[in-house]
Amino acid sequence: MDISFYNYFLFPFLQMLLLAAFAPLVSGIIKKTKALLQNRRGADITQDYYDLRKWWKKKTVITPYTGFVFMLAPFMYLLSTMLAAFLLPNMMSNLTFGDIFVFVGLLAIGRFFMALSSFDAASAFGGMGGSREVYVATCVEPVMLLAVLTAILKSGSTNIYTMALNNGNQINVAVVLACIAFFILLLSENGRIPIDNPDTHLELTMIHECMLLEYSGRLLAVIHLASMIKNMLFMVLFSLIFLPIALPLAIKVIITAMGIALMESLNNKMRLFKIRAYLLATGGLLLLAIVAQ
Amino acid sequence: MQTLIYGMLGLPFVFALIAISGFFSNRALHILNRIIATIVGGIFVEMLMQISPGEVFNSEYFYLDALSIWVLLIVIVLYVASAWVSKSYLVREHKMGYLSRTPKLIGRYYALYHMFVLTMMLVLLLKNLGLMWVGIEATTLISALLVSFKFTRSALEATWKYIMVCTVGICLALLGTMILYYAQLTATGTEKALSWLWLSQHGDLLNPSLTKLAFLFIFIGYGTKVGLAPMHTWLPDAYSEAPSLISGLLSGALCTCSLYVLIRNLIIVIPTIGTAFIMDLFFVFAFLTIAIAVPFVVVQRDIKRLLAYSSMENIGIMIVGLGIFSSISVGATLLHMFNHALIKFVLFYIAGTVIQEYQTKNMMRIHGMVQEAPHTATFLLMGMFAILGMPPFGLFFSKFNIIFSLFKNGQYLLGSLMIFLLAGILIGILYHVMRMLCGRAKRKAYADLLDHTDTPFLAVLLIGSIALGMGLERIPYLNSLLLEASQIVVGGVHL
Amino acid sequence: MEQLVMVLLFVAFLQNRIMDLRKAVACLCLQSAIIAGACLISGLANGNGLHSVLPGLLTILVKVCLIPYALFRLVGKLTDERELVADINTNYSTALSAFFLMLSYVLVDKMLPGIGDRDIMASSMGLILIGLVLIVMRSRAIMQIIGLMTMENGIYLLGLAMTEGLPTVIELGIFFDVLVAVLVLVILTNRLNVSFMTTDTNVLRRLKG
Amino acid sequence: MTDYVPIFFATAVFCYILGCFAVLIPRKHQLFAHYFAQVMSILGSTLILITAGIYLLSGETALLKVAFVGRYMLAIDGWSSVFLCITGLAGILTSIFAVDYALAYIGKRLRELSGLWNLFLLSMVLVLVAQSTVSFLVSWEVMAIVSFLLVNHDSEKRETWQAAYQYLVMTHIGTAAIMIAFFVVGSGSNGLNFSELNISQSETTARNLAFTAAFLGFALKAGLVPLHVWLPNAHPAAPSHVSALMSGVMLKVAVYGFGRFIFDFLGPVDFWWGALVLVVGLLSAFFGALYAQMEKDIKRILAYSSVENMGIVFAAIGAGMLLLTTSHKEYAVIGFTAAIVHSFNHSIMKSLMFMVAGAVNHAVDDKNIEKMGGLAKLMPWTAGCALTGSLALAALPLTNGFIGEWLMFHSFAFLAQADAGTGVRLLAALAFILSGLASALALGCFVRVFGVVFLGRPRARRAESAHEVSRFMLAAMLIPAFLIFVSGILASPIVTIAQHVAEANLPDLKMLNEEHLLIWGKDSGMLNYDTFVLLIAAVVITIFAWLIIYRGQVFVKRDVIWNCGTEPTLRQQYSGTGFSKPIRRAFDFLLKPRREVVFLQKENKYFGRSMAYTLTIPDRFTEKLYIPLQHHLVKTASFLRRIQAGSVRIYIGYVMVAMVLVLIWGAM
């Protein structure tokens, strides 16, 4: 394992940019498949790029009460997801410093700053979004760690790269259970349908959307880009570690995108306090997976 | 040496007669009292010079060895301290009003006080067990007069109970001494009747079952005088109704004297009965004493009764120390006696000052002493930490050794029970003192009365207890005295 | 000597029965007289000279004359309650005294199997416990003093019977103590009578807890 | 190098003692006394830090004699020098803070406060260097008394002295338990010095009794769950710099004591010992974080967060002990290293946050966070430090709070992989669940604290008049904020030192030095958390982001917040209680919140009734465990008082009964 500059720094950086570039495309695919499933034409796959460019040009409107956290939060959200992308193993170099707990920790930075920003605008809805985000995070975190534990038990080490190496070789009960559980985790972490409806603006139901209410212009674009990257990250992680099919990465990501779209069109948003029982069940699945290991 | 003893006993007696005669004015009496006390202290120090710890002084009626010197030291220290402090106490009492009714009361107080100390010194010096009993009975009677000094209704009640229970106890002790004498008669004939020296050397000749019966009576008799559990009922009443200085002396000196007499009898009896039965007897009564003290400390209104029950608890610890009967534990018990006497005297004096300041004994009505009377508050806080056995003060070290020897003896459960009982005591005492010290003052305190004359004495006593605890090895004379005394108790007398 | 101990036991039982103050003091005086007699007899029997006679004379002086005189003067002063209202009927105290006598006999047999004068030891222990019963059962201050004195007499008798007299110094000490004890008790009862207007100790209940 | 250590130590103790004498300076120059005492404590703490630093950096493992007091030897070894480091560092920070903060107490016994402050630091140092039972217990009790006096400083208020009373009673019970543990160990071995104390041979009942007593005592002093009730009451009552030092250092001294017992005295570890410590640690982490989110008083929040972090430290120790009993013995080092590192980091974070709480309290003089808001604009520097502190306490990467938790997660992972049967694996799963919940709740709690206190609009009149703190307080806050990032990023040296200390204490362990725990740098290390690379990536991204997003950005300030069209009032801004509402509903079976709704007066039958809604969340442990216990104690006590019933006859009856019983007992 030669620790050269390329292997250690350049390739992960390139991979990060690659992921950032393709993230809007994947979310476009999800929207497109969802539209087709509900047999309407839906917007073009690259619609998200246009949205980002539109927001990019607009001026940002801020309220007089905002402080430095309001400005800092979008950037920190983007930074944490980028760093998380930086940690993912890439095809070009087999480096070993991508630790799963650091990955979870970095995502937590993003969540921390988004929840903080919801306070800064001194509006009612911001606080509501922040408190719900923290509530969902509290329900998700233990289940996420259990999923990480199953992956560790399967691969024998906490490094994402080694986890990815020995995935997809055999299908048994534990692997299937872990796969289903992580898929549910993916949905809840990125604010997909069963937990939170991504494309609604109804004040009372939205969780993720609430926190962005006060943002506009370029800051809004940054936040959307960051959440798209986070979505992309989870899909890559899911397909790398938990999806037992032996196919190249890109196809696997598209399949997961299709799966998400299918899931979203099949059922609707759950009541807020049902999430606790829902994630408890996923935790139960994972416990079974651990015991069956 | 003989003349010194006669001088030491004679002086207080003479002063008592002078004081009772009413010949001198109050101011002269105060000064004279201090002079007499310091002279007696001087004589005692002179005696210490002449007799080194290992030596023994033996005469026709008097017997002085390391153990009696140690207890005599305690009594003399308290005697001098309370003499110097009583002037300001009596003057305040006079100002408070009740003393001003009859003029000669201060004279009577000094007379009884000096007689009280005289009888205690007598008990410690005598060789004959019978005469020791007479001395103890005399202390009871004189201290009864002192307890009923104020002749209020509750003082009368307390004195009546004090006399009845103690005299009943003392009668039992007399019976025990008689049976012991009978055992000595049947074993070794009539000469040297009941002389402690003779009995401690020939203890093993006595008939075991007879001495056991005798010791049972002696234990219950002197146990009442010390304040062991079922016979303790007089203790809280007497300590709470007596004038503060006297209750300080009662709990510091008198209880130590009765414990001294109990130890003297214990040394005689141990060779024949053996330690097994004695240890169980002492443990049962000691743990009963501490257990009974806990509820009364937790729910309590009167400040002096609180201190009385904490004395009971310390007595329980001393009896446990004696029960284990190893050289460490007996040494720790003797040290505990000294520390407890010092600290309890300081605490009773402060309690007296607090009662005079707030005109009430009821702790529920005393608040915010830290603002009202900061001087008294600091001493009360230090006294409380001392009596609860917190480290810088001496009680912690003696308590530490006693409990450790309890564990060394293998009784883990008893040790843990004792530690948690002491924690219960802390819960009670700490709560009441905190109520008094903190919070906003509802009742205006009379003034911060702890003035400049008596604070140095209290400070000296507290620092003395710290020195005794922390650096006993450093004090040359006391350390060897303590070791010699505990050797006497454990190893039997070796002349 | 044994017969005198039996008589003293009988008088102690009688003491339990009496309710009236004056009669009780008289009974105490009788007890002390018996003790003095026993003391004189044992003194003269084994030795002559002042040493043996002194205790007897002292008992007569102190216990037969001085103490009853003081108690009679005290009883004289209590105008209203010369007659004693018996709150606890006397049968309980007699039964209890009998039980204690039996108990002391059992104890002496258990503890000291083949002792010489077994019944003197047992009866004196019984006498002391009867004294205790007397104090516990009576609420009058004077009756409690009398109970105390019976205990003293019991112990003194034991000392006399077993050991043919203690050394004189101890003898003197004990007499002196008994005298001072009664003196203090009488002073207190006077004070009690002055401030509480009665000598019934049930009044002394304020110091609780 | 190490022969200077005794000189440094002696001068440090001398400085502290000199500081204690500030009490004797007359009242006129109390300001001079205060400054003198604080300077002395800063000097003393720096010297202590240097002594510990020299010892640690020199890689020494043997016992180093430092001083002699009477016949008791004072010495330091690896384990105690780590905690000396903590004491020194936290001592310096809080003393600098106290220079300005304590001026608020000018009228109220200021000299006593500063004098006791030095005595407090001195007693903690003595506890750490004591080498015999007597000196350990003496300095332990002195530490308890002095902290009690400091907590009880403004004793006029009722809840202060009651909190102080509860604190001393519980600490005393803890000391009693520790005393029992020492005595059991002491009676098993042939002496009372630490070198002789070892009962690995004596039979299991004695060892079990010693372990339970020691764990009970030290858990109570560290504030683990069932015994934590004194902590949330004592900290708000104490002045801020005192509670900063108490939770920063005093809780760690309990960890030190527990470590002494586990490593030296009790010999080989049983399975159920490790399981008990792990489970209690996890429960404290979970409940600490949960209650931290429900509290309204800022210092109570920080106190509960201390309970959570001490839970994490003890969970790490528990995992280490469990790993000792499994086949992978060498991985146990990770658990103990996690405990050491997290104690060190937590002391910095927590003292920073208590200083922030003190500064906010000083500015707004109200502890209730519902009355604050928008302080970031008025107190920018304090807000910055508070943000760093919150980041660290929420255990986010690139800050030092993350290192300890990350190592703990790894020890749980190794525990799961150790093939010791499904029981251990399920225990590891439980560990993951509870520690996951705890870290998420901690994140939520510090979002809530920072958001409600510093962001948005001021919720009460007083919050508007807040002003930035003076320079000493600010300096005292900036240093730990800077340290948080430094020890967060340059974590590797700290972890290697901690690992050496842990290995020194577990001698029978296969030395792990060929593939030691590498945090930063080359790839040979087993666990890899490359802060340096992450930092470079972050810098590069920041440059890109600055160039693209923020340069030339035009901000339009418009006085409109979307509030469904109405004008937003102050009260519509989210409050702390509102923020934790979903969590409260999710865990209501645990919290059992008590809600009272009172309809005040009815103007109009149909609409417009004004009502008062009060919500209280009682601490269940106090509710279910301590209040009934106290009630029964007082009830039995008042029942037993009937013994002293007052009549002479009953008393003499007692004597008679005692006499008869003793005679019968003698006869048998």
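Letters A, B, C and D name the chains as they come in the text, with residue numbers starting at 1 for each one.
In this text, a residue touches a chain if its C-beta (ideal position, glycine included) is under 8 Å from a C-beta of that chain, and two chains touch if they have at least 3 such contacts.
As the structure is a computational prediction, the values presented were derived from the model and not from experiment.
Common neighbours of subunit C and subunit D, listed by label, are B. Ranked by distance of CA centroids from subunit B, the top chain is A. Across the two candidate interfaces, B-C and A-D, the one carrying more C-beta contacts is A-D.
Taking the mean of the C-alpha atoms as each chain's centre, subunit B and subunit C sit 31 Å apart. With centres set at the average Cα position, the gap from subunit A to subunit D is 35 Å. Subunit D has its Cα centroid 44 Å from the Cα centroid of subunit B.
Computed from the mean C-alpha positions, the centre of subunit A lies at a distance of 78 Å from the centre of subunit B.
Among all residues of subunit C, those that touch two or more other chains are 111, 132, 135, 144, 201, 204, 206-207, 209. Within subunit A, not a single residue touches two or more of the remaining chains. In subunit D, the positions touching at least two other chains are 641, 644, 648, 652, 655, 659, 663, 666. Pairs of chains meeting the touch criterion: A-D, B-C, B-D, C-D. On subunit A, the positions that touch subunit D within their shared complex are 1, 3, 8-9, 12-13, 16, 59-65, 67-69, 71, 74-75, 78-79, 82-83, 86, 95-97, 99, 101-102, 105-106, 108-109, 111-112, 115-116, 118-128, 130-132, 134-135, 137-146, 148-149, 152-153, 156, 158-159, 203, 213-214, 218-219, 222, 272-273, 276, 283, 287, 290-291, 293.
Residues of subunit D touching subunit C in their complex: 641, 644-649, 652-653, 655-656, 659-660, 663-664, 666-667. Taken together, the subunit D residues at the contact with subunit A in this complex read 374, 376-377, 380, 383, 387, 391, 394-398, 402, 406, 409-410, 413, 416-417, 422, 425-426, 428-429, 432-437, 439-441, 443-444, 446-448, 450-452, 454-457, 522-523, 527-530, 533-534, 536-538, 540-542, 545, 549-550, 553-564, 568, 572-574, 578-583, 585-586. Note for the complex: subunit C touches subunit B at residues 111-112, 115-116, 124-125, 128, 131-132, 135, 141, 144, 148, 151-152, 155, 158-159, 162-163, 166-167, 169-170, 173-174, 176-177, 180-181, 184-185, 188, 191-192, 195-196, 201, 204, 206-207, 209.
Subunit D contributes residues 70-71, 134, 137-139, 141-142, 145, 152, 155-156, 158, 160-161, 164-165, 168-169, 172-173, 176, 179-180, 183-184, 186-187, 192, 206, 209, 213, 633-634, 636-641, 643-644, 648, 650-652, 654-655, 657-659, 662-663, 665-666 to its touches with subunit B in the complex.
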